[in-house]
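Going in written order, the chains are labelled A, B and C, and every chain counts its residues from 1.
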Amino acid sequence: MLNFIQVLFDAAALGSLYALVALAIGLVFGIMRLINFAQGDYLTIGAYALVVPTASVTPPLLFGALPWPLMVAGVLATCIIVALLTERIAFRPLRNANPATLLISSFAVSYFLQHALMLVHTGRPKSIAMGSSLAQAIDIFGVRIPGVQLVTMTVTVSLLIGFVILLKKTAIGIQMRAAAENFQMARLLGVRANKVIAFGFALSGFLAGIVSLLLVAQTGTLDIKMGIMPVIFAFFATVIGGMGSLAGAALGGFLVGVTSVLLQAYLPPDLRAFRDAGVFALVILVLLVRPKGLIPSSASRERV
Amino acid sequence: MVLRLLKQAWPVLGLLLPLAVIVLLADQFGSISVERSVTEALIKIVTVVGLYIFIGNSGVVSFGHVSFMAIAAYATAWQTCCSALKPITMSGLPDFLRSHTYPVLPAGISAAILASIAAFVFGLILMRLSGIAASISTLAALFILNVVYSNWDKVTMGTASIVGLPTYVTPWLAFAVAGLAMVIAYLFQISSWGLALRATREDEVAARASGISVYWMRLAAFTLSGLVMGMAGVLHAHFLGTISVDTFFLSLTFITLTMLVVGGMRSLSGAVLGVVVISFVTDILRRMESGVSVSGQEIAIPAGSQEVVLAVVMLLVLIFRRDGLTKGREFAWPFARRQSISETKHGDA
Amino acid sequence: MLAQDGGLHARDVHVAFGGLKALKGVDLKLRQGEVLGLIGPNGAGKTTMVNVLTGFQAATTGDVTLDGRSLKGLGPRNVARAGVARSFQAARLFRDLTVRQNLEVAAIGSGKKRKEARAKADALLDWIGCADKAAMLAGSLPYGDERRVGIARALALSPKFVLLDEPASGMNDQECDELMLLIAGIPDKFACGVLLIEHNMQVVMGACRRVHVLDNGKSLAEGTPAEMRANDEVRRAYLGSKNTGSQVI
């Protein structure tokens, strides 16, 4: 029983982390029909900003050496700047391209960022001693919850709530939702495309920064490929959630994360290595039943 | 009559002739390393033509196609390699594979067919999805296959390499298979199914209203491209003599997509030209990474520059010449008096 | 049975998009061999009606039958193969295919072999006067040709009924006249009933014997063009609307 509760906590923590990544992907997809592969690289770059570029596997700290509020600010700023730069340099010239072209271009941007980062930091995984105070487990009614997980859940839940408020109540949020529903119409109604899109990218950079900090706090390692799996899971999350639907993306992210943890916990040991394949197969099965996703957005249907 | 046939076949012949000249030159005068580069490029042509059959005609990007290469590569390895070690290293294989070795030709053919069956099965599900969702889901296929083959230790040796495959791929063999792939692609694109699929690429709604089944047309192309990817996988395996699952993953996906995009993904000529251009560029970069001497001084660009440069090339092409070098056109019949480009397009002549 | 209920028949069709009721109980009957006009102000629900008839839009309630057989649940593709073809308000040609290929695709879609499909395409191109443009890319056609190729593509399916959504929009007067003659000739030449949606009353008057008026999702009236002109309700519906309105009718 206790074990089960612990698994549930794991599931909720990972689920909410994926929900954040999926939200970022869904946000940008909504406003410009772009599935952004580079989202994963924003978070990798954010994580690497903690250390000084060297070939060492235990590199000296850069932002990681700062007091934590400054460190957080530094990582977030890095991610936001990178996200905005990719928007300005690569995606803006392609804004009216079809979704297939956009998809390929984001694949290219991602490949570029990943290998540029590799040129700077080398491809070796690195370890980083950080947030050790978070690693201690806290005892709640006999269930031992690692502090990192509590932090993760607190942060993601408050961010999700913050997002709902931002999107529902603020002017820019409402404009973003309008743009996600029907971009052409939103433009006609005076929504400024550049501003909304840039804001969307800034938000996705912000989310990448948060996720990268949480990931590093959990694992204590840096890896050039650390962004790939979260972003792939988030892709599937947005697809099974219903492309273009933000609530769907968050829900999808949560489900994908939860499924992944449950499979890890309850698959027979010799099948555990196949866990991710199981998650992906489930994704495909969900799509078989609901090709338009769990919460189809009205924008996903083309008017004839 | 002969002229007409020649004209009809020009989009393929016009590509094959220069390639034949290159192969001939490499074969006669080139060093071993040039010969290998040329063979590698020809295998890439098979790969990218395989991608093109689906992506070019349907307009749906697929990230999963190299999986079908992997399926075929492993299938041919199981049949042809290392009879002595197989029972130990791949003990999970069924008996007809574990304790027998088959001739390379039937092995290669059956491996490619297996790849196309796999493509058909995945396609049954994936092609039901709308374009972008389908693209993302092809990634699922890629990852599923990667995870399975990386962990199915008793059958695939996990992430370790299988070595000791017979290496029978010469430049001329690779050329012949590339030619075959191009003929398959071309015949498909001028067939009624190819035409119907191109219509769905241009306008899905109008294609439906014209009685076309988007699902079946895409599925047909997906299956056929799976076959050609399988051919590429077989060549790849028997050229290197060794395979490992991680060669068939995101990097190969990226390189081959870059080739397709740079050449122009809406024409067969684009697919082939893209391979030639990008292979040339990467070859030079690779040589520069390992160091070249310029006026007596040894200089080398940092390892990994190759990928960065490729990504930049791809982005520049996407931004400034979205339809690729060929702009999505086939090579026009060069001896026409006054013919519009469109006349030779997609073999409509 | 067949004789009684031949034709394309929509009964009590309702369509709601969320709260918006685009069609509220429309009955429409299109007979073999006639050109029926379907008119109404912008937003009246004409295109929605075409979508319902061609399987692009499921009716919330109501039914569509073709020669007595229900089309319920058939998607656009199967409706097209059953014999109901359409053109689009925005031509939606296959831009990167040649003009001839555009028609060939539809002929192939109706089940023809390649050779027959090509013959069909060429015959239709002759008929619309675009034979010389057969090898051009459809995306490079001038506007008027684009619209006509759109009509020809629908006819390439050899349909029993063809539904044309504003084929004359954006054409000049002379082009409109030519188009009117073409459309009026469809029933005899192709043994095919026509539903013509059009704002240009000149064209409607010239091509149709009977006109059905939609307003705000409801059938307002049906009769000869002259009767519709004289009908007060119809006048009011048109005058009430902003853009098209008085100068056309």
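In this section, a residue touches a chain if its C-beta (ideal position, glycine included) is under 8 Å from a C-beta of that chain, and two chains touch if they have at least 3 such contacts.
Keep in mind it's a predicted model, so treat the numbers as computed, not measured.
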- request: State which chain is most central when centres are taken as means of Cα atoms.
  value: B
- prompt: What's the chain with its C-alpha centre farthest out from subunit C?
  reply: A
- prompt: Which pair wins on C-beta contacts, A-C or A-B?
  reply: A-B
- line: Whole-angstrom distance, CA centroid of subunit B to CA centroid of subunit C, is 44
- prompt: What is the distance in Å between the mean C-alpha positions of subunit A and subunit C?
  reply: 47
Rounded Å distance, subunit A centre to subunit B centre (Cα mean): 32
- line: Each of the following residues of subunit B touches two or more other chains, namely 205
Multi-chain contact residues (two or more partners), subunit C: 56, 88
Statement: Multi-partner residues in subunit A (2 or more other chains touched) are 304
Query: Once bound in the complex, which stretches of subunit B touch subunit C?
result: 191-192, 195-196, 198-199, 201-203, 205-214, 266, 328, 340, 342-343, 345-346, 348
- request: Mind listing the subunit B positions that touch subunit A in their complex?
  value: 59-61, 63, 125-126, 128-133, 135-137, 139-141, 143-144, 147-148, 150-151, 205, 250, 254, 257-258, 261, 302, 304-305, 307-308, 310-312, 314-315, 318-319, 322
Field: Of all residues in subunit C, those that touch subunit B in their complex
entry: 54, 56, 75-77, 80-81, 85-86, 88, 92-98, 100-102, 104-106, 108-111, 114, 117, 135-137, 140, 153-154, 156-157
- prompt: If you look only at subunit A, which of its residues touch subunit B in the complex?
  reply: 33, 35, 90, 93-94, 97-101, 103-105, 107-109, 111-112, 115-116, 118-119, 123, 228, 232, 235-236, 238-239, 243, 273-274, 276-277, 280-281, 283-284, 287-288, 291-293, 300, 302, 304
- prompt: Mind pulling up the subunit C residues that touch subunit A in the complex?
  reply: 47, 51, 56-57, 88
